[in-house]
Amino acid sequence: MTRYLELQLVEQAIITLAAMILVTSFALLGQSRVVATIRTFAWQGWLLALTTALVAWDIGHPHLYVSALLTAILKGALIPWLLTRQARQLGILRDVDSIVRPGITLLIASALVVFCYSVALPIGQLVEGVTRDVVAISLANVMLGMFMLVIRRKAVTQVVGFMALENGIFFAAVAATQGMPMVVELGVAFDVLVAVVLFGVIFFHIRESIESLDVDALNRLSEGEK
Amino acid sequence: MRDSLVLYLTAATLSSAIGSSVSALLADRYPWILRLAAFPLLGLSGLLSLAIAALVLLEGVSLAIELPVGLPWLYWHLRLDALAGFFLGIIGIITAIVSIYGPSYTRKYQQSPYSLSALGFFTGLFVAGMQLVVLADDAFAFMMAWEVMSVASYFLVAYEHHQAANRRAAFLYLLMAQIGAVLILLCFGIFGSFSTDFTFDAFRVAQLDPLWASLAFALALAGFGMKAGLVPLHVWLPEAHPVAPSHISALMSGVMLKVAVYGFIRLLFDFLGPLRWEWGLVLLAVGSLTAIYGVLYALVETDLKRVLAYSSVENIGIIFICLGFSVTYLANGAPILGVLGLIAALYHVLNHALFKSLLFLNAGAVIERSHEHDLEAMGGLLRRMPWTGLFFLLGCLSISALPPFNGFVSEWLTFQTALQATALESGVLRAVIPIVAAILALTGALAAACFVRVYGTSFLGQPRSRHVRRAREVRTGMLVAQACLAGLCVLTGLLPTMVVALIGTVTESLLHQPIAAATRHGWLWLTPIGPETASYSAPLIMLGVLMALVAWFCVWVWLRKSRKSNPITRRDPWDCGFGGLTPRMQYTATAFAMPFEQVFRHTWRLKTQVTREMDADLPTKPKDLEYQLEVEDRVWLWFYAPVGKWVLNASRHVARIQTGHLRHYLAYSFLTLIVLLWLIS
Amino acid sequence: MKVVEWLFALLQMAVFVAAAPLFSAWIKRVKCWLQNRRSPPLNQPYKDLRRLFSKQVLLAHTASALFRTAPYLVFGATVIAAAVVPLIALELPTARIADAIVLVGLFGLGRFFLALAGLDVGTSFGGMGASREMTVGALAEPAMLMVIFALAMVAGSTNLSTVIQSMLAQGLALRPSLLFALLALLLVGIAETGRVPVDNPATHLELTMIHEAMILEYTGRQLALMEWAAQLKLMIYGVLVCNLFFPWGIAQTLDVASLLIAGVLLCIKLIILGAVLAVAESLIAKMRFFKAPVFLAVAFTLALVGMLSFVMLESAS
Amino acid sequence: MIALGWTLLFPLLGALILGWLAKPNAASLLNIATSAVGVMASFVLALQVLASGPIGGGLFYIDAFNVYLIALTALVGFTTAIFSRPYMTHELEQGRIGTGRLRLYHASFQGFLFTMQLALSTNNLGIMWVALEGATLATVLLVSLYRTPESVEAAWKYFILCGVGIAQALFGTVLLYLAASQAIPDADDALLWTELYRHAAELEPSVMGIAFVFLMVGYGTKVGLVPLHNWLPDAHSEGPTPMSAVLSGLLLNVALYALVRVKMLVDGSLAGETVHNPNLAGYLMMGFGMLSFIVAGLFLHRQRDIKRLFSYSSIEHMGLMTFAFGLGGPLATFGALLHMTVHSLTKSAIFVTVGHASQIAGTQSMERIRGLISTQPSVGWGLLIGTVAIAGFPPFGVFTSEFLLLSATMEAWPWLTIPLLVGIAVAFSGLFRHLQPMVFGAKPPSQDALKVNMLPVYIHLFLVLWLGLAIPGFIAGWFDQVTQLITGRGLL
């Protein structure tokens, strides 16, 4: 406890933000309506951008401001907007993708967080406290994102889960390692952008082939008894 | 000078085998190429290998070269010693004779939908592969040649690929060849891990500790046994031999099985350091099982070529029994007897190569002319194909181990070896060896019965089907080939002393133990241990048999005049006064084997099905009676079928993980991640 | 000297062949006495052979060349077998041509052609006879070999005259191995020569016969040769039993006295043996064919036990 | 450097131009031409590297290891381009695709080649990640090219699974960067492989452990290791065949290449480590490899679709290579490198024949493909010989590599040869039980010969045959350099 109080305010702020991002991940898990999921995802994007900016201010890396900007535009605005637009065009904006057993899901999620923390513990010997916790949290974000992918049935919400997962990674990159080299950041951002576009394209293909965006309906290609 | 000559000859024989296969590629466009280029080249290659063998065995020439192919740190080593020379000679003889037989035999494929090019190409490749196997002197070259041999013969087995049965047989064959090859590879791997590199020279000096040595022995036995056809690894043989073209069956059964035996001998007597008598016991057990099992199945099969295939299994069993004797004696410090056992084994290798190829060539002639595989449909062929009949008879006499033919000599030598069991200290071995000898005796007698059955139902009696009634003698080429082999069978039976002397050079170079006693008393007398112990004079016995024939001839000449005045009258055979003997009243092959089925009834899994239809007005008198007999290989039911089922079940269970649901897949990846993280933390 | 030995060997062979019908005639006569019937004269077989030789040959339409050569080959093989068996003298050059294993092989050769001849005409009888003959043979041959192995291990040789010499050398000794071997050899001999209880040479009752079924189609000299070969085979087995197990008196040198003694003694042995055989045949009834394997299995087991008892009890050094 | 520039530049330009070029005929020719230039450039590059050691060191770094993969990639890309000309023309005639999609196809094809070469030639692990993600993006629309429900489904699965996998790899890379940033002063160099390799010993083991797990799962997904393989058969079977050929022949190799590069770092960092097993990476790879090898072999038995069959066989062989790399040691590594080469050559050749075969029969379901040898001997024999080669029969190179792998295993882990033996037998029977009825037998009335281009098959099989009979000296030396690079010990 005392160790935490010794940290500077900025670092405390960063950790607080990390906790908030974690909360948003939980929220993503909990949301049942598509539109709400997308909105929560946007919030996560903004928080991520804010964190990046703080880190940049803290250690004064100019290129981190750029990546903060990128994050804000991509994760905060562009991608949610694209998703919403496509969802509206597909007419699934108001669809409900409810979770089967919320209680158990929540339990598993929190177990995951603990697990991630235990995994990240040994890193402690390496660096000062903040990073260790940040790594643990981003690991938790990644895991929660995957978990969301596993339990969600709608293609759109799966994409959101995928993006959330990437957010977790970004958070690690920013908060734990003060950002990756610029060229990598740009490349990753480009990939993400293209990915979202392609996702959009494939939504329509799926919509054409099967009358819904329910991924459970995509089970023609299996090796089981036919 | 002579060494360089051998080098050139080796190069020539390999290149002419390859050349034959390459030239055959054009045979689809110009069929004459097969007759005028491919087969002559193949025959040339055979003769050249025969010449090499002669140089090696008679002149004691040897050869060791490296070809700049293979792995960069392990070029192909080729080496030619007495053992290799002996087997190269066997390959050469049969190849040469088959290439006499081939041109006229393969004519029947010119109208067929099958490609002549494929036939010629893979035949040449097959022969080249076998030659390379016996020449190879490092593990990599050996495996390469070995697999080329297997693959080429696979394509030949699958040659008439329009029948599904042939495809199944080829599949089974290739599968077992593959498994066997990997086993051999692992065996070499053991040697490799005990020595510096993968050359056979390194293997020879490698010191394996007992456990690994026994493991290597087991792997070799399984690997080479799978190719040679040891029970229970024999199942591909009776499937593959019948479906291949007959001259190929002759090559496969006559030569390829021997190449497998070569590999085993090379590994056992050349690489594996001190022999252990337990191995001898294992060999004796496996050999006896194989021999008795093979002959019993040969006795009830009714497909001509299947019978021959099972009899190959039997003969391989006999060879392994001889090897078992040899190992047992060598391990117990009786080198002379060990050498004698090895000589018997090699002698039988030679004999089986000769008479089994002969029989397969005969079978090819019979099947081509009668369009029948089934003994139950044949009969009376002797009067329609007299020459083929004569050669087949000689083949049957040889394989039935009857004096004065060659099969008898090797069996006699084996018995002589077995009878020296009193020389051993261990009472167990002294008790076991005679029992094995007893099994061997039973095998020989059953083989005689089996071939009486085959010959009697196919060549004697009256034809049982229309095709057979129309059968005519085959073309000259095929007859000449059969004649050569029959002549060789008689010759190797007639002059055992010389053959033993020849094989003696092989065993001496392998075990460094001369056997002077066997041939000391001149070409007329074969005395393996000593004249007072046992002696055999094939020429004199042959003389006696000839005198019997001469007597017949004299009577014939003497009665010629009187026959003019009153010729031999021909009557109907005795029909119990009912009249009208028809071919259907003859004893069939199945009926002939019936007493044996009664005696050894627990050996086979026989499905007998009797349908009888009673006469309406006289209910006790059957109007129509039909008896069907199906033989199933027990090993198949006990071993292979379950394994196959197991694999299919396993694959069905495994396939369940591919559910088709994306979320399941994501869950797999998720869980994998968690498990791995948990593992490392 | 060599030449003389060879000549004498051939002479002995001739005697052997000539005496064969007499032996079977003797057995027949004893049987007749036992069944108090009037017996044919002892020279009856010779008369039969002469009659058959003078008769003309009838052939079936379906008979092939093999059918015509078979009798000569069968007879020839049996004669060679007779040549290698020491009759009254040892150390003859003919004995070295072939040892006991080859002897079995020669019987096998004869059987091979006999069975083929049976199958050649294509009647059901011939086939039946051939099938049964091969069955019996296939089971009898290993038993015979076992007997020979037992003897060979005792004597350390498969050469018949060497074996007999070692028997003489060991004098009167009771060996379990030899006892069992003798019993086995008797059983095998009975089976191989087609005597009761395996086969009945006297009957032509179609369903029970084996040997007769195979030669059913033969006539004239061919039939004569077949019959003669059968009698010769019987004689050979008789001589084997006598000389291997009761060799006393057999001539070891080629002087007249010892040869005479040997001849006389052999005649006595054969007479006794024939009588025993006849008694046994008239006491036992012919068994069903499918019992024959059991009979031969007994012979095989006896021989095997004999050999094992030698290996375990007698050869332990 | 110029050569490298061309190797990278031409596919990129080709992609851009072909994206606009509307004429099918010209487009396919241009496609071939571009790839041809790529082959030339890559060969020149290879010769340079072999002559005068590694080049680059900044953003790009070319050593013996990746230059041989670059050459291989260019070659297979070229031959596949040749094959795709008649194939796509036939598809166009059949009306399965329109000219627009053909444009998409050509553009994506070249784009894919570009990402492959980028991933291979870059020195920056981040860029490598970007390139591999790019490969997914470039090919995902190819998978759904035919717009059938199955193809769309396959595309979706491919996209999500590979996306998620590659994201995990990104996280692994981040952790790697975290570890590196402690050891390497200049943050911009901290992802350069050369730098990392130099400082491998100083990298924090605990982080590296976690990082490797993520990279293993991430790149392993792309390699197609069981149980992460599920996208592979779907993507292979539903897309156009040329794409299956390059996926099997190239993408899997490149992913494995990435994995091996990372393994070298992790080994360096864990060496002499007490917390983790120093050979952690090797053991993980051996485990995954063996599992994939066995399971894929079992899968072969149940296939109905010819392209699925051979994609499972790809999984099996990738498993074998992963196992071999995990085994370590010069012999195994040499064998694995050889196996990489011959497998991608043989497998792409097989896919070429498979493509023709399915066009001849008008279906991909194996029950309906019959008597190919009687219908069109070149295709039938091609498929048969190709499968014989891939099943590991001499005189083809696959046999040589399997010989090396088995003997290496026999030396290091004798008892592991038993599952290998079982796996080989199961896989062989699984392949041939389906293959034989397809190639053998009489010609069914429904099938007729087509205009095909078997040149790629001949080239590839000839190369494989050559490598099997005698590995040429310079190639052997080349592989030996790579072996030294990876294991530190040479073989020659």
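Letters A, B, C and D mark the chains as written, and numbering starts fresh at 1 in each.
Assume a residue touches a chain if its C-beta (ideal position, glycine included) is under 8 Å from a C-beta of that chain, and two chains touch if they have at least 3 such contacts.
Treat the numbers as computed from the prediction; the structure is a model and nothing was measured.
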Chain whose Cα centroid lies at the greatest distance from that of subunit A: C
Which of B-C and A-D has more C-beta pairs touching across its chains: B-C
Chain closest to the middle [Cα centroid of all protein chains]: B
Rounded Å distance between subunit B and subunit C, as computed from the means of their C-alpha atoms: 35
Between subunit A and subunit D, centroid-to-centroid distance (C-alpha), Å: 31
Mean-CA-position distance for subunit D and subunit C (Å): 78
Between subunit B and subunit A, distance of the C-alpha-averaged centres to the nearest whole Å: 70
Numbers and ranges of subunit B residues touching at least 2 other chains: 652, 655, 657-658, 662, 666, 669, 673, 677, 681
Two or more partner chains touched - positions in subunit A: 119, 122, 146, 149, 158, 215, 218-221, 223
Complete list of chain pairs which touch one another: A-B, A-D, B-C, B-D
Residue ranges of subunit B touching subunit D (in the complex, touch as defined): 68-73, 113, 115, 140, 143-144, 147-148, 150-151, 158, 161-162, 164, 167, 170-171, 174-175, 178-179, 182-183, 185-186, 188-190, 192-193, 198, 647-648, 650-652, 654-655, 657-658, 662, 665-666, 668-669, 672-673, 676-677, 680-681
Touching residues (chain side subunit A, partner subunit D) in the complex: 119-120, 122-123, 125-127, 131, 135, 138-139, 142, 146, 149, 155, 158, 162, 165-166, 168-169, 172-173, 176-178, 180-181, 183-184, 187-188, 190-191, 194-195, 198-199, 201-202, 205-206, 208-210, 215, 218-221, 223
Residues of subunit D defined as touching subunit A within the complex: 59, 124, 126-127, 129-130, 133-134, 137, 140-141, 144, 147-150, 152-157, 159-160, 163-164, 167-168, 170-171, 174-175, 177-179, 181-182, 187-188, 190-191, 204, 206-207, 210, 233-234, 237-238, 275, 299, 302
Subunit B - residues contacting subunit A, complex: 652, 655-663, 666-667, 669-670, 673-674, 677-678, 681
Sites on subunit B touched by subunit C in the complex: 379-380, 382-383, 386, 393, 397, 400-403, 408, 412, 415-416, 418-419, 421-422, 427, 430-431, 434-435, 437-438, 441-442, 444-446, 448-449, 452-453, 455-457, 460-462, 525, 531-537, 540-541, 544-545, 547-549, 551-552, 555, 566, 568-576, 581, 583, 585-587, 591-596, 598-599
